[in-house]
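Questions regarding the structure given below will be posed in turn.
The chains carry the letters A, B and C, assigned in the order they are written, with residues numbered from 1 in each.
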Amino acid sequence: MSTHKKNRHVGIVGIGQTEYSSHKEHQNQAEMVNEAVRNALADAKITLDDIDCVVHGNMELFEMVHQPDMWHSLGSGAHGKDQFRITTGGTTGSSLVCTADSLVASGMYDVVMAIGLEKLQEGHTTGGITNMADPLWFRHLQTGALTATTATLMIEEFGEERAKKAAMKYRILMDKHACLNPRAHRRFGLEYDQMDDLMNTSPRLVGELRLIHMCSQSDGACAVIFASEEKAKKLCKNPVWVRDHITVHREETFNNFGIERPETTHHYAARKLFERNGIKNPVEYFDVFEMYDPSAWWGLDWLRDFLLLKNDEHLKMLERGDFDLDGKIPINPSGGVIASNPIGATALLRPAEAALQIRGDAGPQQIKKEVRHALASGFGGTLWTVLIMLEKYLDW
Amino acid sequence: MAEYFGAAVADIFNTMERRFIPEGTKGVDTVIGYNVSGEGGGYWRVTIKDGTIKVEKLDAAPTGCTVVLNAKAETFVGVTLGKMDAGEALSSGNLKVDGDITVLITVLPKAFNKFTPIVKARTIVESMKERFRLDKAEGVTMKLGYDLAGEGGGKWTIAVKDKTCTLKEGLDSDCSVVLKMTAQTFVDLNTGKLDGATAFTSGQVKIDGDIGAAGNSAKLFAKFDTGEEKAKGEELISLKCLPTINQRYATGPVMGKWFAGLKEKKFYATRCPSCGRVQTPPREICADCRVRSEEFVEVGPNATVTIVDLVYYASPDPLTGKIRETPYAAVFMVMDGAGKDQSVSHFLNPKDFSRIKPGLKVRPVWAKERTGNYEDLLCFEIDD
Amino acid sequence: MKRVAICAVAQHKCESNIWYKRFQAMLLDVLEDIQAQTGMTFDEDTGVHTIVSNSDDVFDARTISDNGMTDVLGAHYREEEKAAQDGLNALGYAMSIILSGHADAVYVAGHSKESQSESRNMCTNLAYDPFYGRPMGLDYLNVAALQARAYAEKSKLTREQLAKVVVRARQWAARNPYANATAPVELGEVMYSPVLCDPIRTLHAYPVSDGAVGFLLASEERAKEFTDTPVWMTGFGNCMDSYFLGDRDPVSNFALKKAAERAYKMAGIKNIKKSANLVEVMDCYAYQQPMWLEGLGFCSDGKGGKFIDDHGPAQYNVNLSGGMLAGNPLIVGGLYRAAEIVLQLKGSAGEHQASDVTCGVAQSTTGGAGQFHTVAVFEA
């Protein structure tokens, strides 16, 4: 039934980011938005006059601002323009891409700017996430996005030594990538010889989920400009094309930890998306994967689902260096979510960083070989997922 | 002594008693150990007890502490001064904490006034070259000597000639004037805590040589910048507020049945008319089949453990705003008679933390007074 | 160009305090209603895969408010995105999804329960910046009051005219089974009802309300599967005005005029007064009905007062649902507007059905004193 054949192609023509940090006292929310907007306009070499519509996304309860797009319009450039606000939790940033893609492909707008942001310092991140639970049942107990369930299951499946080492190797790899990325929030300079020490001494958050494994809490914003094929080709010499995207949600309760475990949304999304785009082997097809990895344990575990791998293939690939910057399929050259996590922007950063890789403009973290096909993911809710496919050429 | 960000590790401990806020530590009883490695580091033990403080420098690693901080000297000073982020130092492993980490969050911020680096006489003297004012130096030739006694003191000669300023250690014999005072007086004079006339008339400063030259020397140099003015200029205000809007949540007949059941120590689930899935807690709809679930079945009270999260991170309970006490454990379990995919969760009895594992049977521990809410269940525990 | 069909609409009856149901149950009623009308399924191969929800985290007091809804949106293992402004924008987004080719059918559902919070004004106070607007106590009510006074001045709006708006709203609401405030009121009652926020009186303001609305949208090809009487969504536009009240002319209708212009242009409408014969405006406060009608072009600029005396609202079939004044909640106010238009154009509005209606305009607003406006055009 669903056609997934676009009315017209949509290209990314501009990308703007703020730096990401735990403190941005020098800017209020609207000013922070404005920094990303200016950077995106400069990148696209256009002005606000060229923007037809703005799509805004963040979470109200992190900063406790109701309908924040009203206030943020001071910096977003939405004044006098069409505007949407889309918010779906952690997936917000990727939802913004889906929305912008539809708005442009529909023919309703030619140029749409998506803005994701969060100023996590202005609220309590874990408390804010805990608020997603039903107020009558489970809000008393949920601890934000902190859980060691994946660590526990991986230890059970692969043995303590191998699982803990692999998670820490993944963590250090992400830090090595982050150290290359001048915008990344946390750049520790970790070395592989610290693995054993960190595995055992980093403070525990929950079970074997330690502080070192978990994503940061960042302030920052990201703006991405989308244009119709005709406009994109006029505005930009190397637009990055949005090929397809899929969103998969799950029911309200965390029924993910029963005796029988359901197919993950990651696996379901990848399976459906690759099938309808004729991709048999995602590891071979994609040149980079920017994944929403809120923790080292989740990131590593989810690679198996997203790349449709079996058994311990993902661990072997990690151990072999396949996910390194010069590996078979580099994961998160940006350093990923563990390094920078302004939640409403986080899932927009994934396709933004992937698009920079395709353009060859990623900076010090640029992958050396040509990047033609990129995958980006978003994560949120009760283990929801969004997958976005980006292409260098209109040749699919 | 080794300095980082303009301060030494020892400065931080030496000023602790002075910075201590007795009112902030009423009822506190804690011992904090410090293991600061690298140049300028060492071992310290700080005992805070009900508004009193004792700071001890130790020869060996501190023992008998509630919590011990381990860090490199640079990290320790950086975090203390706010030049480095404590959370990030903890994350990266540059700062390690053994013992009750909550002491650092709950006790320390209330116990001390902020540490600011101590300005040293040497720093002020060494900055004179930078503060030298060319526009006032036309035709001036003089040698100014400083003889500063006490801790942090020393002797320096500053020569001004041909619109250049040179600084060297020690006193030249041909100084136009030598100013003698304690290092502390010198610092106070330069940081605006003491005015020159008072210092001179009270005899805190002795002038040996050409008094006129001493007076002229003052205008040859720009004022020493303590950094405080700059800090004030950059002060950015953050407003703190706790927005609260009282809510009244409906339970409706489905969740309502669950809560009514808890009052009677019973668990009611819904059964999907299409796939038969028995859902806990009960739901209006089976999300799989998209059909309304209206049939209630009793499940439990015992359950099989599937997975357990032992939580150490203290976060707020958004329903009350209070920080939760840690550690606590969330036990995920499938209730007897419920769908195999249905994991409900609740607190685990702390006595079972070490014994709990998947597959074990647990039973509910009920509150004495039950009103139909989450707290009717105190926790679950191993069903021995 | 492709056409977007509204195949079905379902409304939950608005009430001031639906304490006996979770909002999930309200949305389930709406879902079942739509399924009963259309046979819509979420089947993996043949069903609806794409859902646009509409709710608000502050009003629900819940982060990711749509997470609580997934089950009753049919969104388990399906696509779902949440539009968090007024719900008319969710329809606009759904329209774009169909026109883009990404999906050929979209289920849209929104809910809002104003009764859950201690005060809806405390919720909207949080829309103001924490440094200035919030401590000053701004919220959507008192900001509207400032606008009400300025507008009455500009458009010579008398208290009798304002009262007429309310009396008429209640008359129509009485025939709408989904409306909340249906008891008839007299002019005098309105004019002398207690002052809520000067010059807005209690009966000038929409009552606290709970509600939920659902729509099924489909491409023209797919629509036949669900209905014999599709209504076409042919125009959409919205627009943002300045945030600070001092930065705008409070009575210029800047954002509404632009939103309307874009929606009409998309629908190919040159003269709205000739083309449209049905209007639903989001009149949270009585003064807003003539003011928004000015912005939409049905009434000349600055003539709102006279427009009422000249029976303008009756001429254009304005708010036959009873409008917001009859009690719809914020967030889904625009969805209720669109729902009424769709029912009328389908010819299934029952007791309040207007005759010979062919083209309707739905308008909604988000933010304080109409900072943001949305306009959609529907045709039979």
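Just so we're on the same page, contacts are C-beta pairs under 8 Å (C-beta built on N, C-alpha and C of every residue); 3 or more make two chains touch, one makes a residue touch a chain.
All figures in this text were calculated on a predicted structure; none of them were measured in a lab.
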item	value
Touch-based graph of the chains, sorted into line, ring, star, complete or other	complete
Chain whose mean Cα position lies farthest from subunit A	C
Distance from subunit C to subunit B - Cα centre to Cα centre, in angstrom	49
Euclidean distance of C-alpha centroids - subunit A vs subunit C, Å	33
For subunit A paired with subunit B, centre-to-centre distance based on mean C-alpha positions, whole Å	30
Multi-partner residues of subunit C (each touching 2 or more other chains)	24, 58, 61, 70-71, 76, 123, 126, 130-131
Per-residue overlap in subunit B, given as positions that touch at least 2 other chains	243, 247, 249, 251, 255, 283, 287-288
For subunit A, residues contacting two or more additional chains	64, 128, 130-131, 135, 250-252
In the complex with subunit C, residue positions of subunit A that touch it	1-7, 28, 30, 54, 59-62, 64-71, 73-74, 78-89, 95, 98-99, 101-108, 128-132, 134-135, 246-252, 265, 268, 380-382
Residue ranges of subunit B touching subunit A (in the complex, touch as defined)	85, 87-88, 90-93, 96-97, 101, 236, 238, 243, 247, 249, 251, 255, 258-259, 279, 281, 283, 287-288, 304, 306-313, 315-319, 324, 330, 332, 334, 339-343, 345-347, 373-375
Of subunit B, residues touching subunit C in the complex	239, 241, 243, 245-255, 283-288, 290, 292
For the subunit C and subunit B complex, residues of the former touching the latter	18-25, 28, 31-32, 41-42, 58, 61, 70-72, 74, 76, 113, 115-119, 122-123, 126, 130-131
Subunit A - residues contacting subunit B, complex	22-23, 25-26, 64, 124, 126-128, 130-131, 135-144, 146-149, 152-153, 186, 188, 190, 194, 197-198, 201-207, 211-212, 214, 216, 250-262
